[in-house]
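Two complexes, one shared chain (subunit A), two partners (subunit B, subunit C).
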Partner chain A sequence: MQVRVDEDKCCGAGSCVLAAPEVFDQRDEDGVVVLLDPEPAEHLHAAVREAAEVCPAAAIALGTRA
Partner chain B sequence: MSTVSDVLVVGASAAGLATAEALRRKGFTGGLTLLGDEAEPPYDRPPLSKQVLSGAWEPERARLRDRDALDALGATFALGDPAVSLDLTTRGVRTASGAVLRADAVVVATGVRPRVLPDQAGLGGVHVLRTLADAVALRSDLRNAGRLVVVGDGVLGAEVAATARGLGVDVTLAGPQPAPLAAQLGPLAAGLLADLHAEHGVRLRLNAAVVGLVGRDGRVTGVRLADGDVLPADVVVVALGAVPNTEWLLDSGLVIDNGVVCDAGCRAAAGVYAVGDVARWHHERLGASLRLENRTNATEQAGVVADNVLGADRAYLPVPYFWTDQFDAKLQVFGVLPADAEVSVEDGDVTARRFVAVYRRAGEPVGVLGWNMPKQARQLRQRALGQAAVPR
Partner chain C sequence: MALGDTDHVLDYPIPSPAALEPPAEWARLRQGCPVAHVRLPSGDAATLLTRYDDVKHVLSDPRFTRDLNAPDAARIAANESGGVFNSGLGRALREEHHQQWRRMVGKWFTAKRMTALRPGIEAMAERLVDGMVASGAPADLKAALGFPLPVWVICDMLGVPESDRDKFAYWSNTLLSLTRYTQAEIDAAQAEFADYMGAHIAATRQDPGDDLISELIAAAAGAGGVMPDEALLATAQGLLVAGHETTANMIGKMVGMLLADRARWEALLADPSLVRTAVEEALRADANPGFGIPRYITEDAEVGGTVIPRGTTVVCNLAAANRDEDAFARADELDLARTPNTHLAFGAGAHSCLGQSLARTELQAVLDVLLRRLPTLELAVPAAELERVDGLVVGGLRALPVRW
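Moving on to the complex of A and B:
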């Protein structure tokens, strides 16, 4: 799984951190998403999928490794 | 174990799409159809009053998913064909084009539409903002507008006022409250927001009831207030809230009361669910019947509906959340901020306009407000209101 985030779309809700704190964080100064792990381990995939779906700004995209 | 072999989602916007995605994520491999009234592929609405209206984004950037992600869902998208009726016994939905779609489970996600003024139909220069087409039309009209009057002092009205002011338009914001968003933010933050708008040159006509529009030769020229004043306008945006799209269900037998009335698990009838702006469900922890138009409600409720479609019996117990971006202010609101709550600033500094406040009633936290501190607001929300987005 390959995770991409779009900082320009991010609204700072932090929904991704609630869903998958091992993979997402937020910048202290403006709350924009910080991607901690662009290729998370398999046991985190379900949480990351949930994070991508619940993101209220559609700022998280998932792909497979090229 | 579930016996559902196919699901029809009526509505192809945020809540409908999120329901489809959640069903697949939870392992549903059956037939999946999304029926949408608009011809557009699913797009997001919060950017319409901000990035799309300002021109910072091309309209296409508001799409919720790219083509590959939609294809990967393995769903049929029947777009541009509004639902016109539902038969509860067969769970068949008839569409405007005459098609009848049937499924083991039907999810109602038809959303809301803007409330309008009685005299705005047919008057040029008067806009609402709900769809991508609305945003494009308003942006186009603002290019030639000297004076914009925004009717409505809620989130949408205040965002439109801020964005239009950023485009250099002369803006007046009129509404009945003592400050913009007073009902959602309480006096402290609504007062700061009023200051912010005034500093940026927005004329505020607060405590003002709008009674109608004034026009000449088929085009709006002003907005009439209850005190007799007329605010001159070349363009008017009416942002007076929204009404649920439930007319198509009036003969269905579902209970309709300012939304589709559902139980705690978002079930409206056997095999029929509602999700998103249109759904009124019983929040067991708050002991109240709620209908939330917040953006995160669409996706969080979708997760619970998907579980229940697949045979679970899960109550939907969200912590309500919304955000708004106006000028340089980014506000995050978790829970509720009642006007009579005790407010304590627990991070940052109000005078620096960078702070987080916790709202309490009888000592119990009921809400968290962040002003230009999104991360710290989320952290305080976790401490004060619970760790999970939707507690189980």
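Moving on to the complex of A and C:
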């Protein structure tokens, strides 16, 4: 699984951090998403999918490794 | 019913027969008339959306603007100005500055900050439960806990005294009036509110603290035109209103829904790890969140296969969308473990609720504390006798009578 985030779209809701704190964080200065792990381990995939689905700004994209 | 069929204009909001249940018309509209003509409390016409995909699309599409001050935009509320959506609160923050403004304020609402606030919120909830228990059953959980907790949290964050909360509640209600107050009452209250907040901002400038207003003043000084005094005032007023009215009502509705079928409460007692998903499900299933979100469009745009002409005011009914069977399996049932729960209770897109992490934290904290402290909690009246708040753009219960 390959995770990409769009900082420009991000609205700082923080729902990704609540769903998958191992993979997402927010910058202290403005709340914008920080991707901690672009290729998360398998046991985190369900949480990452949830984070992508609940993101209000659709700022998280999931793909497969090239 | 087709778009343009003026014989069947519905009055909106659509009244509901029960406080916690949706009106039957929502399902009929989703099925047969997802782009519907409605008449607002002002008497003006608008287009109502009830399907999940359509609502999500419009909220995420910047062509659908918040510019309800446009000359041909519909007024929402019954008073002359059209109420909060047509007011200067939105006008003070220009769209091109929105993202910069949002990030300036948003740093106060990150998930990490909210996690850090949580022990304080739980401790306050404990004190309020102590007070409710000391007064004895039956009690009104809304007055004893649901209302004071979010007010305490937001007052602390803004650095304003909680002792002024009765004034805030009145100012907030007039601002959020749909049909309840006259224009003269609203103008007088808003002038008082602006004076109060203006004086608070001036005093904070002289003697800054570690609250959000102090930080915004400092940040605004470095950000030029993004945060003029007018925008600072609008931000402070907006946060105070948004921070106390919506969450206060949601606490009452959430606990009401969970107690209306006590098997739900018992499921949470048996497995408190369900609290996080139960909160999301209560937000999704809330049949009484209020007016919804209006948008105004300046060019023709297609929504759900229908062309909506420019100049139309569109009303997104979030609660109807959240019960769309095409988006949620068994949408009418409360599934306390539903995951993922992609509800629209906080809106969607660039303008989705800034305070959603705070609201989630408060709702989870309240539920955790109640399950721990009052496991025998139950409604003191039949759920069918619960009554709605009327005449405001936010929905809630008048009271939540409970015993334990």
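By our rule, the second predicted complex is superposed on the first by the 66 of 66 C-alpha atoms of A that agree within 3 Å, B and C clash if a C-alpha of one lies under 4 Å from a C-alpha of the other, contacts with A are read in each partner's own complex, and residues count from 1 in each chain.
Simple rule for what comes next: a residue touches a chain if its C-beta (ideal position, glycine included) is under 8 Å from a C-beta of that chain, and two chains touch if they have at least 3 such contacts.
No experiment lies behind these values; they were computed from the predicted model shown.
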Partner chain in contact with A:G12 - subunit B first, subunit C second, else both or neither:
both
Touch test for A:A61: subunit B only (first), subunit C only (second), both, or neither?
first
First (subunit B), second (subunit C), both or neither: which does A:D30 touch?
both
Contact-wise, after the overlay, does A:E42 reach subunit B, subunit C, both or neither (first, second, both, neither)?
neither
Do any residues of subunit A touch both subunit B and subunit C, and if so, which are they?
9, 11-15, 17-19, 26-28, 30-32, 49-50, 53-54, 56-58
In the complex, subunit B touches subunit A at residues 18, 21-22, 25, 44, 46-47, 64-66, 69, 295-296, 298-300, 302-303, 321, 323, 325, 330, 332, 370, 372-378, 381-382, 387-389
Would you pull the subunit C residues touching subunit A in the complex into a rising list?
60, 102-104, 106-107, 109-112, 114, 276, 339-342, 346-354, 356-357, 360
For subunit A, which residues are in contact with subunit C within the complex?
9, 11-15, 17-19, 21, 25-32, 49-50, 53-54, 56-58
Which of the residues in subunit A end up touching subunit B in this complex?
9, 11-15, 17-19, 26-28, 30-32, 46, 49-50, 53-58, 61
